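Several structures are given next for inspection.
Two complexes follow with chain A in common, the first pairing it with chain B and the second with chain C.
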Partner chain A sequence: MTVRPETLAPSAVGLRPVGRFGFLRTQRAASIGLILPALAYLALMTQAPFVLTLWYSFRQWVLTSPDIPHKWVGLSNYTYELTQDPIFRQAIYNTLELTAAIVGGSLLLGLAFALLLNRSFPLRGVARSLMIAPFFVMPTVNAVVQKNLFLNPIFGLLNWIMTSVGFARIDWLAVHPKLSIIEMAVWQWAPFMMLILLAGLQGIPDDVREAARIDGAGPFTEFRRITIPLLGPYFQLAVLLGMIYILQLFAEIFVATQGGPGTATTTIPYYIYQTISQANDVGSSSAQGVLAIIFSSIIAALLLRLLLRTFRSGVTA
Partner chain B sequence: MSAIEVKAPRQGRAVAGRLGLNLLTYVVAFLAFFPILWTLLTAFKTEANAAAIPPVIWFHATLDQFRAVLDSNYLSYFENSAIIAGGSTLLALLLGIPAAYSLAFNPSKYTPKVLSWVLSTKMLPAVGALIPLIIIYKRVGLFDSRFGMILLYAAFNLPLVIWMMRSFFADLPHEILEAATVDGAGFFRIVTLIVIPLTAPGLAATILLSTIFSWNEFLMAVNLTSANSGTLPVFISGFMTSEGLFWAKMSAASTMAVAPVIIAGWLAQRSLVRGLTFGAVK
Partner chain C sequence: MRLSRLVVSLGLLVALGLATFVGVGSARTNATTLTIATVNNGDMIVMESLTKDFTKKYGINVKYVTLPENTLRQKVTSDVATGGGQFDIATVGTYDVPIWAKNKWLVNLQPMFSPSASKAYDLNDVIPKVRLGLSYQNNLYALPFYGESSMMYYNKALFAAAGLKMPLHPTWDQVAAFAAKLNDPSKNQYGICLRALPGWGEFGAPLTTVINTFGGEWFNNSWQPQLTSPADVKAVTFYVNLLRKSGEPGATSSGFTECETAMAQGKAAMWVDATVAAGALSDPKQSKVAKDIGFAYAPTEVTPLGSHWLWSWSLGIEASSKNQAAAFKFITWATSKDYIKLVAAKNGWASVPPGTRISTYKNPAYKKAAGAFEGIVLNSMLTADPTHSTLHKVPYVGVQFVGIPEFQNIGTLVTQDLAGAVAGSTSVSAALAQAQSQVTRIMKQAGYLK
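Right after this comes the complex of A and B.
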């Protein structure tokens, strides 16, 4: 078995040393043959549509008026969305506000869950399973159940508890629509954050904690000086992945508020859905889609850089 | 003597603190799970009991709601979901396992670039691809077809399969694979006889996660399906306008849609973190 030196990769982050599986190295052509179908399929199904979205975004194109030619209108869809359309600006703001609140809320709750679970106690496995379960619940089920069984102004469980202890009845989805959406999504996403942070907590070596205790650190000092700094990369990973998913939040809004009342919970994904399925406006919705892609790429790139920097410089307090 | 006297109350306090934390953990776990439990209970109530104030906790359980759900067209949605989730996972595995094999065992200088490109396809918002998909699917006859949804979800789950399986493959003890190569086994035999059996738990977790994601997906399902290939999330969203009348039925339909996924998720627990973080956390 010959190992051609030019195929030796510089060992990249997260990759095992190349030499270990050197004996398995097949012909380069065979190797490409194994990987190419997957890459071509991914490009066709996930990247080609983005290119088409970009193409459509320069056109005036309304599905309900097929006789009007799909005229090339340059950047006018973009100038309309960015300077004139008040709902799109509202949607950007709503998306940012909801994403920040949901990521922040589920991170804090997930940290609390993880700290509670990171001890040995009877029935730990059961407690962990119960805490994880919300993450698997279909988002439409989450929204439909919480909207009716829990948040309904008359028959909802939450209002029964509130009025029983003397508070006023609240129509949560009408009066606090954002808070309701945040609550639904935090319930769903806290277990996700918990899983990542729990893995981080379990990776902190016992002798580090031991050393801190010997040096006289109490539980709070230990938490602040050992646990939080050593969890740093895990926090960043949780925030990065959480943001990528939560920016796309759609089912909860579709089911629970339909973007309302008014445009109070209209986010970018929901507004794009409205523009294409209700206004049938291909040009405008495509421009919104391109802006959403740019928007997400900026956030993903910023966070990825943050992540890489942390891993490169080591963990600091 | 005095040492013991000082130590005893301290130990007592530590034990009390530990028991208190245990109790708090149980309460928190119960509260986190409560919405699911409440939905399950409501599914066995009559409609009158389901919307009763104060809430009814002790009641005669009835299977009427499950019967009512099964009598509606629920089963055809369930069938669509099962075929689409299963088919898309299978297609993602067929494309993803060879790619993962190649990336794990034949890395080149392009491997990191390929891997980060694969991951980046997961980071861009699906809604950015929605409009062309609607237009093209309608034009080529894939709109509202199970096959069209299988093709789409397979692409959505391919990055997960590639990243997870690559990370499991890279954990294999190389001596075993070396022996097989010496014996002259090729790619197909190595994969089916050695790699797959040795990574079976990881493969099972990958299958479960991919199935769960397809099962729960809503944005594409609501825009690209209709009467023929509608999936369960679409069926469930139909309850959004029901005001107080069909809560028990809604809960029964929800329970049947969610229970298989929660059980699958519990089964995949051990590899869950690895899957959710694309192998970054083991």
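Right after this comes the complex of A and C.
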């Protein structure tokens, strides 16, 4: 005959308070109750702007036209933006194009700089500090200086150099607006990518490299088969972080091209700014803001999945 | 261990206490403080530097919030539209005043001008057209700080070297011919500088005067947009082609400031823009061509109506202000004859705020300092009529703008489309067609069109 041993802890059945509101008298309820005010405050502080934006996006409100009734319009702001507003769809396309170009460009440039800074040479610390400097310049200052001192067709440095060697003057901001914006942003973000990739490069153990060299791998093969796959997670991080910030690019466009000429450099953040500050349309701009959040989340999710798949399958032993 | 913890907690307590009492202390000052939102133009900056005289005289403090025009308009609009009460006084223009007066966002100043106050301020000295532009239903809602029209500036030296002479009342065809002859990109010299920076108050202003003088208009008498009408197409094509052929490079980034710089540096032979630049261009400290600058009336084409604009930056009191009496004292001080004399004593008569009072233009000292251009400026302001600025009858007021709230959006959208044409990325007809459809949609949504 076996004797079932008593468990060390007494049975919990008898400890639960009985009655309809029994739960409220437990220890767990007390803990939750004490945390609830702080949690409610946190929820309010972090979500209030979003909730208000969502609320306004379902209404029609134009600040400067009190005659237009301030009423509930359901999803009509959203349907207007997605199906009828030609500028919003152009803005989506421009945002994608500019973000891809800037992230890609700064990633390539950052990789090149990181590879160069990875070997030791005299004054390497100084070189590294100088390379990081562009990232600390404020975007507005960067844009103003580049617009007025470098890219200006009458007084600018770039045109002066070009005319000195015999080329014609180019009005960069009017004829190549996207390229100008990409150039300004890549100059600023390449150091950011460089820092992340440099950290990754310095994490590649030397014995792996030595082994590859003993096996007869040249520099290009070593780069392709060892460096790139081992930098995989760092690429993911750099692209994801860069993309989150560069999707929101505003200062360069606002200062240098004002979304123009036409709508060549109107991106979603700039268009939202225009809608609220120019058209004073609270409803439409809130709907655009919500759509922008949905849109960035989709892009981020897709990109993450793509990167994970690429680098998981690409890592060699 | 225990002592350092005590020190830390005491330190935090002191900091917290200081923060609380500083906050309470600053809210308890007895003197009234007015908050004024203003643009960062030269004359306003001078006003800010002279405000200590006002504080000394009346004991009222004034806090300045200085912003660029677009940001100012946006901030003040959201403040008045939501009843925020952040500002007591706002710098508003002839575009904003009638609209804001209608929405009851500005305080009606007419009842504040008792017969004695009106005599002390000399309300009848204010230029009548400017006063009309700042009124709604015959009540004055803002006091003009400075007023301007538009005129032609040209470089006499470049003209003489090419053997050309600028008439006092040129036509746009003559201007185009001059510009073609004086355009020399290899020497970094351009025939004409005209604004093409997108914005209803930037590109939109000179463009609208060109449309007006070519016999076109923004909307016909039934509020239908006229951007694809023959007269408008002719006017816009003329402006765009003039810029493309003999205009400054970087036109789509050129607003008032950029063109003023180009003119002052001697890079442009002609410039049609606001009369307020006359003082700066004649000042040897600011302009390389101070000796060679010539003045003429704004060019006309088919009709002189609407060929030069009328604008005034003025001071109005927000309806949500809690210090309306003090604010009234400030705005009457800053637009009074005494203030003008104060600026003259400090900076000379050529830099007083122009275009507000008839007495300024009758003053011999002013005529001596600004003689070369003040006649043209005054005549331009007296003949610019916001109620009659187009060849055909129109349902709106405004010379270089359309006095409806939607125009801020419409003007900026259309000028953005047309900037694409100036830059060469679209044709004028494609840009105008897109502009026409955008404007029609906005007018339908706002209820002007069925």
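Keep in mind that, in the parts below, the second predicted complex is superposed on the first by the 252 of 317 C-alpha atoms of A that agree within 3 Å, B and C clash if a C-alpha of one lies under 4 Å from a C-alpha of the other, contacts with A are read in each partner's own complex, and residues count from 1 in each chain.
Everything below uses one rule, namely that contacts are C-beta pairs under 8 Å (C-beta built on N, C-alpha and C of every residue); 3 or more make two chains touch, one makes a residue touch a chain.
Computed from a predicted model, the values in this text were never measured in an experiment.
When chain A is checked against chain B and against chain C, the one touching more of its residues turns out to be B. Judged by the touch definition given at the top, the superposed model places A:S277 against both chain B and chain C. In the superposed model, A:S129 makes contact with chain B only, not with chain C. In the superposed model, A:P261 makes contact with chain C only, not with chain B.
Of the two partner chains placed by the overlay, only chain B lies in contact with A:S285; chain C stays clear of it. Judged by the touch definition given at the top, the superposed model places A:Q202 against neither chain B nor chain C.
Touch criterion not met for A:T221: it reaches neither chain B nor chain C. Within the superposed three-chain model, A:V175 lies in touch with chain C and out of touch with chain B [touch as defined at top]. Using the contact criterion defined above for the overlaid structures, shared-chain residue A:N152 touches chain B and also reaches chain C. In the superposition on chain A, A:T79 makes contact with neither chain B nor chain C. Residues 147, 152, 154, 256, 276-277 of chain A contact both chain B in one complex and chain C in the other.
Those residues of chain B lying in contact with chain A across their complex are 18, 21-22, 24-26, 28-30, 32-33, 35-36, 38-39, 42, 51-55, 95-96, 98-99, 101-112, 114, 117-118, 120-136, 151-152, 154-156, 158-159, 162, 170, 174, 177-178, 181, 187, 190, 212, 215-216, 218-219, 222-223, 232-234, 236-237, 239-240, 242, 244, 247, 250-251, 254, 257-258, 261-262, 264-266, 269, 272-273, 276-277, 279-282.
Against chain B, the residues of chain A that register as touching in their complex are 1, 7, 9-10, 12-16, 18, 20-21, 23-26, 28, 30-32, 34-35, 37-39, 41-42, 44-50, 52-53, 56, 112-113, 116-117, 119, 121-123, 126-150, 152, 154-155, 157, 160, 164, 187, 190-192, 195-196, 198-200, 234, 237, 241, 244, 247-248, 250-251, 254-256, 268-269, 272-273, 276-277, 282, 285-286, 289-290, 292-293, 296-297, 300. Every residue of chain A that touches chain C in the complex is listed here, in rising order: 63-68, 86, 147, 152-154, 169, 171, 173-175, 256-264, 274, 276-281.
Residues of chain C touching chain A in their complex: 70-71, 74, 77-78, 81-82, 99, 103, 185, 188, 197-199, 248-253, 262, 267, 405-406, 408-409, 412, 416-417, 419-420, 422-426, 431, 434, 445-447.
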